[in-house]
Amino acid sequence: MTEISIGSTLEYDVRTTTIFLFKIAAGWTPHQRVHNEQLTFDPLLDVEACQVGAEGNRLHRVVVEPCQLSIQYQAQVELTPDIDSPNTVGESRPADMPPEVLTYMNPSRYCESDLLGRFAFEEFGNLPRGFSRVQAICDWVYKQLDYTPGSTNATTTAADVLLQRTGVCRDYAHLAITLCRGVGIPARYVSGYAVNLQPPDYHGFVEAFLDGQWYLFDPTRLASTTGLVRIGVGRDAADVAFSTLTGSAVLKQKNVWANFADTHPNANHASAVSIS
Amino acid sequence: MTEISIGSTLEYDVRTTTIFLFKIAAGWTPHQRVHNEQLTFDPLLDVEACQVGAEGNRLHRVVVEPCQLSIQYQAQVELTPDIDSPNTVGESRPADMPPEVLTYMNPSRYCESDLLGRFAFEEFGNLPRGFSRVQAICDWVYKQLDYTPGSTNATTTAADVLLQRTGVCRDYAHLAITLCRGVGIPARYVSGYAVNLQPPDYHGFVEAFLDGQWYLFDPTRLASTTGLVRIGVGRDAADVAFSTLTGSAVLKQKNVWANFADTHPNANHASAVSIS
Amino acid sequence: MTEISIGSTLEYDVRTTTIFLFKIAAGWTPHQRVHNEQLTFDPLLDVEACQVGAEGNRLHRVVVEPCQLSIQYQAQVELTPDIDSPNTVGESRPADMPPEVLTYMNPSRYCESDLLGRFAFEEFGNLPRGFSRVQAICDWVYKQLDYTPGSTNATTTAADVLLQRTGVCRDYAHLAITLCRGVGIPARYVSGYAVNLQPPDYHGFVEAFLDGQWYLFDPTRLASTTGLVRIGVGRDAADVAFSTLTGSAVLKQKNVWANFADTHPNANHASAVSIS
Amino acid sequence: MTEISIGSTLEYDVRTTTIFLFKIAAGWTPHQRVHNEQLTFDPLLDVEACQVGAEGNRLHRVVVEPCQLSIQYQAQVELTPDIDSPNTVGESRPADMPPEVLTYMNPSRYCESDLLGRFAFEEFGNLPRGFSRVQAICDWVYKQLDYTPGSTNATTTAADVLLQRTGVCRDYAHLAITLCRGVGIPARYVSGYAVNLQPPDYHGFVEAFLDGQWYLFDPTRLASTTGLVRIGVGRDAADVAFSTLTGSAVLKQKNVWANFADTHPNANHASAVSIS
């Protein structure tokens, strides 16, 4: 069991009546429990909380009149991950995958697995199947790319990233997801909090479906998979932006943190970790 | 109430052990009931039927050894659509949309509404809100494009289509969906059967979310919205391919039909029709 | 006859031995004469001046050791443009065009006239042929796009611009060129100086080949075609970057100016102007 | 000295008055002489022959009324290539390259060296400079791609090819050219005839500028560089299409051949060959 304190604050200059969707609260899964959660809006607002879809992504919707808006979120998260030895984790056969997982084999906006299928297959098609194959994909992505803030934008796709060889966490995740799908492994994007992330920010990482469950991977190597807290999952970053707005507002400040509470767990990079 | 007889036959030359996912059976919705349904595989196979996700898309999964595979599907579909007068149908405000609808505002693989948002907004942002705005988008798509079989392929996106000005039903739908999302109207892709479609084939069309429900649109004008039967819905064609396969098999033949049973309904092109 | 004073200063922080190619000097054409030209480098350097290709673009090449590099260029330019009445200027037939002009019908890096040929033809294919058709294309580009500094970068193409609807002078020019080529009119990119450009900078505009000569167009409407001085021409901006460098150097400052000497000419926006 | 017999026949169904530009005649260079050349059109037509640009590409232009058009071309070509030992051929420094060569460092329509610059540099930036580096690029392209007729079309670019991993001679050449430019080596597209090409067709290959001259490379490995005859050169295939037409005509048949006359030369794959 691991305890992680997480939180973030956001400040907006809201210029017209604006509808915000926030995805900043830690998700609820059998392996991730959330305690002492506080979400406060200043000024006080009528916030609608909901949980959406099969994945249960949490969402906070709010209508805001022109003002200086502050949002504060914090929580204690208790993780009881399934931790397995990587070499015991194989791949699921398409004939055995739960139907709701199959959608994560389809191409999506930023993960054009249809375009990169042959590429993926030629690079990774002949590797031994299982956790190690996804790890090999993530290692390859790590080696191919240079982590370069500002080198990509909100419309950058996995194919773009493969060509230009630079990106940030979102791009690393998109490329790894695309290559997984390309060899027939369901994969999805996870937004979340990461302990000790430098520079501090929300993080984007990867879940791949292996042996009947979703395992965590971080191709940026910026965080240990034992220190990742899930906000939400989706096909790619389009689905789990921390904030989506209709109206006019400017983000003035963003602070994000995540720390191990009390005692550090034995962060073991070599483990297969599942919290979904 | 409308009755439509639908059916399709597929023949494959299966060369290695292959896993097929078929999405050819009519969906179950409050407005679409399915009777006398028959799905037969020759040779006889162990078929797994499932229903997936919030949208309840039906799926048939089967593992096939090398053989000549024939699939026959037929059913009677009873439609009791909500039919409204177009000028009474307004738009939903983002603050009021059911959360599960919001995902259909996100860009997807073939509908890059992030790239085309400004384009959509400049062309259609100032039109009166409601059914007529989606109709205006569909009319524009119809006028911009030439229906040209063979001019696009499985990787063609809405942006490609807007530039090249040709496409088939799938492309018309993708472009209309993208422009709807671009002005803030949730929209999704529907695969289905269409009465009197020429040439006969599975069809691809559009649902836009207006006034709290999903209304049908066909920007190709190849079919009346009162003669459309839904197989499944998704973000775009990536989600509802009639067949997805892992292995090696070649489609040798495909026949698709859809006819009004007994009596023709008064197909009124000017109606707002909802079957979801 | 028009006299224009032009000039620019550039300052670089040169970090390693760097080879620079500068394209900042006014070109020599029968209609554009250059007087009192000064190009000075500080520190003093061995500068190689050359004139390249059929178009005679001028180029200054220099090898620079690490230093603070200042370049100053200034000149008096005497323009004796061919000025015609637009409605007397027709199009050239492909059978009659000089062979060296034909290359400006080919697609180029930022002007994908192959992709946009159908688009161009459907929008502009039926307009009366001649100067007015190119003017119609430039007017359309002007209306479609919003001039938005920072909205594009060095890899943005005409197709990108058409979709995103924003750009700067370079993008306006690329889109107009592409659409001209798409309807069979040779068109090329001109880099140059523009009188009274706001904000001051090098400018990018268009030449279209009509009735046997190259006429100037500026789809941004930021400058009168009677106040344009040509540096060089190319297929698109790739060919006439003001500076190309191999090595490592950072541009610290850039100042550009262009003014009518003595007397203002009667800048008549409605004229067909040729200086090539 | 090598003698090669070349020829091609083309048949068109010309439906409206059509202007053709043909680029099918062997080019004239100091190392490539053309004898006994015959170019015949049936029906008899007034053919305009020209030679264009610094590269002297030959062009035949003809205006054709509706008819069945046959073109026959044949010639004897005498090659006296410069043949060097690869390991004596180094790279030219940008400071020393003839100015007219610099244009072949720029990105072009199908060779987006700006997009792939970083990719090229990371893969090939640290290799020893010289002929062997271009050879390494061509070897890499050969290994990455599968030669698959029909997998690409007239709008496919080097970036597309790198992602999809299939292509034909044109695509192999584009990718190799792009990677050369990406590491600072001028490179261009050559259209031509190739002895013993299977299946017989016009061929597309590469020239890279090394040590002051243009050397031949064929990344498809379908032909020996000692059996290549140049028609024309350009930035990419956009510049040297064998036929460009304005009007309406359908190519009904195409035959192309190239054979060593008399005696086979010692085709030595390991030589550095220049015919420009």
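Annotations for the structure displayed:
Order of writing sets the chain letters: A, B, C and D. Residues in each chain are counted from 1.
We adopt the following convention: a contact is a pair of C-beta atoms (placed from the backbone, for glycine too) under 8 Å apart; a residue touches a chain by one contact, two chains touch by 3 or more.
If you want to know which protein each chain is, UniProt gives these names: A, B, C, D = Transglutaminase domain-containing protein.
Just so it is clear, the structure is predicted and the values come from calculations on it, not from any experiment.
For the pair chain A and chain C, chains touching both partners: B, D.
If you average the Cα atoms of chain B and of chain D, the two centres end up 45 Å apart.
Chain centres here are Cα averages; for chain A and chain D they lie 47 Å apart.
Centroids built from CA atoms put chain D at 30 Å from chain C. Residue positions of chain B touching 2 or more other chains: 115. Chain pairs recorded as touching, per the definition above, are A-B, A-D, B-C, C-D. Within the complex formed with chain D, the chain C residues making contact are 19, 21, 50-54, 59, 61, 63, 93-95, 99-100, 102-103, 106-109, 111-112, 114-115, 154-155, 184, 235, 238-239, 246.
Across the complex, chain B meets chain C through its residues 115-116, 118-119, 122, 159, 162-166.
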